[in-house]
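Can you keep this structure in mind? I'll have questions shortly.
Chain lettering (A, B, C and D) follows the sequence in which the chains are written, and residue indices restart at 1 in each chain.
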Amino acid sequence: MNVMDTRATSAMLYLDGVHVSFDGFHAINNLSLALEPGEMRAIIGPNGAGKTTMMDIITGKTKPDEGTVLFDGTVDLTRLDETRIAELGIGRKFQKPTVFESQTVQDNLLLALNVDHSVRGTLFWRGSKAESERIDKVLETIRLTDARNRLAGSLSHGQKQWLEIGMLLAQDPKVLLVDEPVAGMTDVETHLTAELLKEINKNHTIMVVEHDMTFVRELGVKVTCLHEGTVLAEGSIDQVSSNERVVEVYLGR
Amino acid sequence: MPALAGPFEDSVAKFANDEFSDTEAAIGEVAASGNALASPIISALQDGRLSADPDSKKVFITQTDGKIVDATTGAAVDKLPDNAAAVRLNNRLRRTVEAALGGLTLLSPDPAKRLAAAQSVFKSHEENLLPTVESALAKESVKPIKQAFAEARAAIILFKPDASDSDKLDAVAVVKARGDQEALALLTGLGDQPPLVAKAAASAVSAIQSNLAMWSMVQNAWYGLSLGSVLLLAAIGLAITFGVMGVINMAHGEMVMIGAYTTFVVQEVIRTRYPALFDYSLLIAVPLAFLVAGFIGVLIERTIIRFLYGRPLETLLATWGLSLVLQQAVRTAFGPTNREVGNPSWMSGAFELGQITITYNRLWILCFTLAVFAILLAMLRYTALGLEMRAVTQNRRMAASMGIATSRVDALTFGLGSGIAGIAGVALSQIDNVSPNLGQSYIIDSFMVVVFGGVGNLWGTLVGAFTLGIANKFLEPVAGAVLGKIAILVLIILFIQKRPRGLFALKGRAVEA
Amino acid sequence: MTPHILTRSLDRAATAFILIVAAVGVLIPLSNLLLPQGSMFQVPTYLVALWGKYVCYAILALSIDLIWGYCGILSLGHGAFFALGGYAMGMYLMRQIGSRGVYGNPILPDFMVFLNWDKLPWYWYGFDKFAFAALMVLLVPGLLAFCFGWLAFRSRVTGVYLSIITQAMTYALLLAFFRNDFGFGGNNGLTDFKDILGFNVQAEGTRAALFLLSCLALIIGFLICRTIVTSKLGKVLIAVRDAESRTRFLGYRVESYKLFVFTLSACMAGVAGALYVPQVGIINPSEFAPANSIEAVIWVAVGGRGTLIGAALGAVVVNYAKTFFTSGPLAPYWLFMLGALFILVTLLLPKGIVGTFNSWWETSKATNGSPDADSAAREDGVGAPNPAE
Amino acid sequence: MLTQLTHGIATMTRRRALAATAGLVLGLAASSPFAPAQAADDTIKVGILHSLSGTMAISETTLKDTILFLIDEQNKKGGVLGKKLEPVVVDPASNWPLFAEKARELITKDKVAVVFGCWTSVSRKSVLPVFKELNNILFYPVQYEGEESERNVFYTGAAPNQQAIPAVDYLMKEEKVKRWVLAGTDYVYPRTTNKILEAYLKSKGVAQDDIMINYTPFGHSDWQTIVADIKKFGSAGKKTAVVSTINGDANVPFYKELGNQGIKATDIPVVAFSVGEEELAGIDTKPLLGHLAAWNYFESIKTPANEKFIKEWQAYTKNPKRVTNDPMEAHYIGFNMWVKAVEKVKSTDPDKVIDALPGIEAPNLTGGVSKMLPNHHITKPVFIGEIKGNGQFDVVWKTPGLVAGDAWSKELEGSKDLIGDWVGKKCGNYNTKTNKCGGQGS
């Protein structure tokens, strides 16, 4: 297979024939997936299907045993580490909300801002109007303006999820990988989150991993179902949810 | 002095002068006297059973059955005079005694005594014993003893100035065939010899040396295994508390120390109450040490560690504090000095395997360590507690929801780790100091073993311990003990950079989360 | 250093701390030198030396707090950097003895003479110059920390693994410095110093000056740490401490940050050691003992991890207690107390003295509704470290 | 303190705040961290500077008890100069800088007249500058490497020529030893002693090939390789002996390994300089029968003075099994010398006592009378003892008379021309070649 052939598709994120195993357990098995620029893709699948491991591979946390992972058609992500990949413009929200709990909401966003990340740069950093305006805007988007001076650790679970999405916004990456954004949220919050992601999708490519089928349906985007580390089905939510195999292994009869 | 004293009596009386030179003269004269009492006198002297009264110049033998006889007459005596004292020896005299006894017991009916006599003659190679050795050789029917007599004869001939060259060449061959350190000592210490003999001796020496050099590799490997077993024993409890539970127990060494002190207490009780049981003292100490250290472990887990789960660095500090308290507590209770823990007879001494000496205590410790390891492995695999333990470490919440009392399992796991450390203390009491500082000297090494082998993997600990032990013992002759140890530490530091999770690391998403 | 990052670092508590240290640094020597002996306020010379030692420990504690409290790196080998700085200074002081050693050899220190060394080993060259020695005080610990950190952080050795290998590092150095062949005086180390920069180290004036210098070093060290922790760099460090991989996914090169503070912290520890040596009069391998490093960590824990003032305060409080309890009838129980302190602080006072005080202050302010809410209490502009690492 | 200060600064004017700070700082610093000293003039204070915790407690605790016992006995006799002696005990916790700190505290705060203390050389080196600066007296009771003679220190333990060299002489003469293993822990005492012995052996015609030198770290516990090496070295056909300067804790595993590998004293005797009754208390000595130790005192020596001392010591400690050892005797001699010197000059003034001490004689426990020499070392007899089965020693040899301690070894290149003479020359390192004080330089 020739890698350069696929460049024609100009996929933002391109995985082909990826394998990973941990101590003999095949977590990812010949996984191929392409995410077009500006696309939002929902990933579903049962526990252990390899969803999070796939994100680990894209963000450089786990190195695949074999296979191709390309960003923007040209950059081989398997050779880079997390920091470098983040710098390229791939942001990630973890399954368990991970924010800097002992710092304020505002500082969390400040840290996420896509500015000079060198030791020197941060030591002599002195803030700018543009930066604070950007933070204000993100705070507004994620509805945390009133909580800006609160410690992130004191936020509710849903607020932490939003703060983490807000950090992604502040980071302003080209691709957002969002792992279970609505876990533990109320219906209203879930709905708001879907709206928020759709809003973000206007300027960003997004990959969402989620179990909540109502939420996935609400997003109304192309769905990929993973099972045992490989793609089981791909298509619209209706197509996928009517797939025999998907029903068998995931949705249940 | 009795008026009728003959030469033998005169000789014996010299023992009462309390002068080493007189004692030496007396040994020679008595041994040469041919008197039936000569052998009993000299073996009594060797065992410290020969007493003398400096005033009356009378000398007495305390027989092994406790009866006392006059050394000159063999007549029974009721009791020793008040001022009688054991005849003193120094090393030189002890050697004289051995040599004399060797001559006297060459024809003893007891095979063990004959063998010992032959070996002491091989060392002393006294010329005047040649006829006796030859007649003994002719009479001997037990093969190894016959061999020993032949070697003793060869040794005498080699040192006999008037022996013929061909006799000496035969003797060199016999000694060469023996091939051990003592043969080497004998051949290198020959002194002036006829050129032919000297040449044969030199080639025998180099043959023995190259043989010994090969054996020294075997020896290093054995020492490495032995050191590895000690490391493994010290680390295995840590592999449970650190590896399985993720708890850094800096007081682990003190659990080892408590085990050693338990052994001391057991032996004290046995010494004062039931001296006959001394050889079983360790067998009694093992379960007790396990229980005592295990109980203290459970106590520690319930009062300190359970409040610190998920905070490994805080656990480290708290348990370090605990180690200080335990050390000082033992120091207060037992005093700061070393305590004596004896070796039971089955753990004393050594045997020869080829050209290396294997000491029983090291051998038993190796066997013991492997047994503990096997039992532990089986326990984790096949018992209910082992199953629960693995369940809790893999997924605490799930285990709890399935009805496992996680806090009980935590306490028991920690108790198990501590108990095994206590058992290690019993074994270490056989080769190291029993002092409040005992644990300190093992804690860093134990952590190195566990980290090197890979956390959470008992097999890793096993391989780690033996690798470090053997590497250390092969480095030691080259670099010296200190540099060898430094080199090992540096290598471990570099190794951790290469494989941050150790030799046998668990891989996967779960361990990194 | 640009002024804005300096001014930002000076809030009320920090200013108060600096003023107090400065006052201590000036007043104690003055009272020692000027007031008549026996006067109520006269500080006897031995106490000047003692407090000088505490101040050096405070600097060491600051350096540990910078990496542990703010970046989550628990080094159990920081005593090694302290000792290396001390050895660099000790080598200078040794060379200053010159021909006044017992053997009167103008070049070789006494221990080399009696081990029959005929010439100075190469690594002793240059230590007769103060400037060179001062450079080495920073460079040697800094370089070791840099190399060690470069290897360890790049391979992502973290948490207890890092703690254990730092311990292995200091243990290896301990064994190495014990060796007489190593050329640093073996077990006895370096001692019997005479002069520093031409002044007699025993003289009251020199002691007073050394004390003042130590206080100055504490202030400078404190300012450097304050500047760092109040800058955005400080926020990144805390981010690394609380969620290392999150920080990585935001595009921060975590290992560079760790390496930077680790090396800086080692240099600070080296300076503390260098000031310590002329005041106590001896440096020997026991300073490398892992137990010393662990004890220094507990100073920080007692004072309050993640609060700079707490670290310094903890060092002084614990060592004051040590001095107090190792004399008189309580002497045999000192280790019980120290051990109990380790346990109790981690169990009952996880935030340390200053951290607990801060929380209390914050709550009382919040209930009183005082407008002055976030000044002195939030001393370092951040919350307490998350106990769950 | 922090509460008050931050709060204070917030509320007070700046000037008042500064004044308050100053007062507080000085008050805190000047109030010593120690319990207030009692200005009792009716007692003479005696400082005891021995580790009661940490690794050295194992050896030093006994010495603290010894001085307490000696003070008790002296006070029963009416004290010194009509005053009672008052012991001041501190714990330097086996921490060398703490030794210096505690020495300073004893002298400055407690105003002791004399200090008995230290065990390791490094602790002595650590307190030396303090004693010089504050001009006080230290009695140091442990055998050491020599190469030192300080005005303020009196060395009552053995110098190398009072222990190592007689032991080697004995082995050469009595045991006809031709090959030597010098095994030691890697620190200054073994290094120096072995240097001296090496030079001495060579001067007696021993070839380099017949000397094996081996160093091990402190607390070394795995002796398999080294014992095997010794065995190998000893099988070269010449009588071999081991001269051991192995430090306390490492001895037990060393002897255990010797015993187990079957090295008997009749094959390769080991003579030790750091193994005494206290160390043997931790070992089953039956396999060690005949191995040797060289000391200036053994508990088993039968003299009326020694028997009385042991009886009273065991009564004082209420422990009928408590052993005595060489450093204890050194303290016994040193303490009595100090008492005599104080009574001679009728003052505890350190200058006067230091000047009075050389020439003072005090009986030792082995039947002789030891004398303080101008180099601040004392004369002592040297005994060679063989280990007995009961953990005691049997004296097999002794020097005909008392041996004077040499501060500077005659065998070492750097010190062969040096002498210590605090009476005539007033100098600890007087060079007899250049006739100058101050080592060999210039």
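Assume a residue touches a chain if its C-beta (ideal position, glycine included) is under 8 Å from a C-beta of that chain, and two chains touch if they have at least 3 such contacts.
Since the structure is predicted, the reported quantities are computational estimates derived from the model, not experimental observations.
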| item | value |
| --- | --- |
| Path length in steps (a step moves to a chain that is touched) from chain C to chain D | 1 |
| Remotest chain, chain D as reference, centres from CA atoms | A |
| Chain pair that, of all pairs, has the most C-beta pairs in contact | C-D |
| Centroid distance [mean C-alpha coordinates] between chain D and chain A, Å | 71 |
| Distance between chain centroids, defined by C-alpha means - chain B, chain C (Å) | 45 |
| Centre distance in Å when chain A and chain B are each reduced to the mean of their C-alpha atoms | 63 |
| Chain B and chain D: spacing of chain centres that average the CA atoms, whole Å | 31 |
| Multi-chain contact residues (two or more partners), chain A | 61 |
| For chain C, residues contacting two or more additional chains | 175, 178-179, 332, 335 |
| Contacts with two or more other chains, residues of chain D listed in rising order | 53, 186, 215, 217 |
| Partner chain C, residues of chain B touching it in the complex | 248, 250, 304, 307-308, 310-318, 320-329, 332, 444, 447-448, 451, 482-483, 485-486, 489-490, 492-494, 496-498, 500-501 |
| Residues of chain A touching chain C in the complex | 59, 61, 81-83, 86-87, 91-92, 94, 98-103, 107, 110-112, 114, 117-119, 122-126, 151, 153, 167, 171 |
| Residues of chain C defined as touching chain B within the complex | 74, 76, 148, 151-152, 154-161, 163-165, 167-169, 171-172, 175-176, 178-179, 290, 294, 297-298, 301, 332-333, 335-336, 338-343, 345-347, 350, 387-389 |
| Chain C - residues contacting chain D, complex | 12-13, 16, 19-20, 23-24, 27-28, 31, 40-47, 49-51, 53, 99-106, 111, 113-116, 175, 178-180, 186-189, 191-193, 202, 280-282, 284, 286, 309, 313, 320, 323-324, 326-328, 331-332, 334-335, 353-354, 357, 376 |
| Parts of chain D lying in touch with chain C, wherever the complex brings them together | 1-3, 5-6, 9-10, 18, 21-22, 25-27, 29-30, 32-35, 52-54, 89-93, 95-98, 100-102, 104-105, 108-109, 120-122, 125-126, 128-130, 132-133, 147-148, 186-188, 191-192, 195, 215, 217-218, 412-415, 418, 428-429, 431, 438-442 |
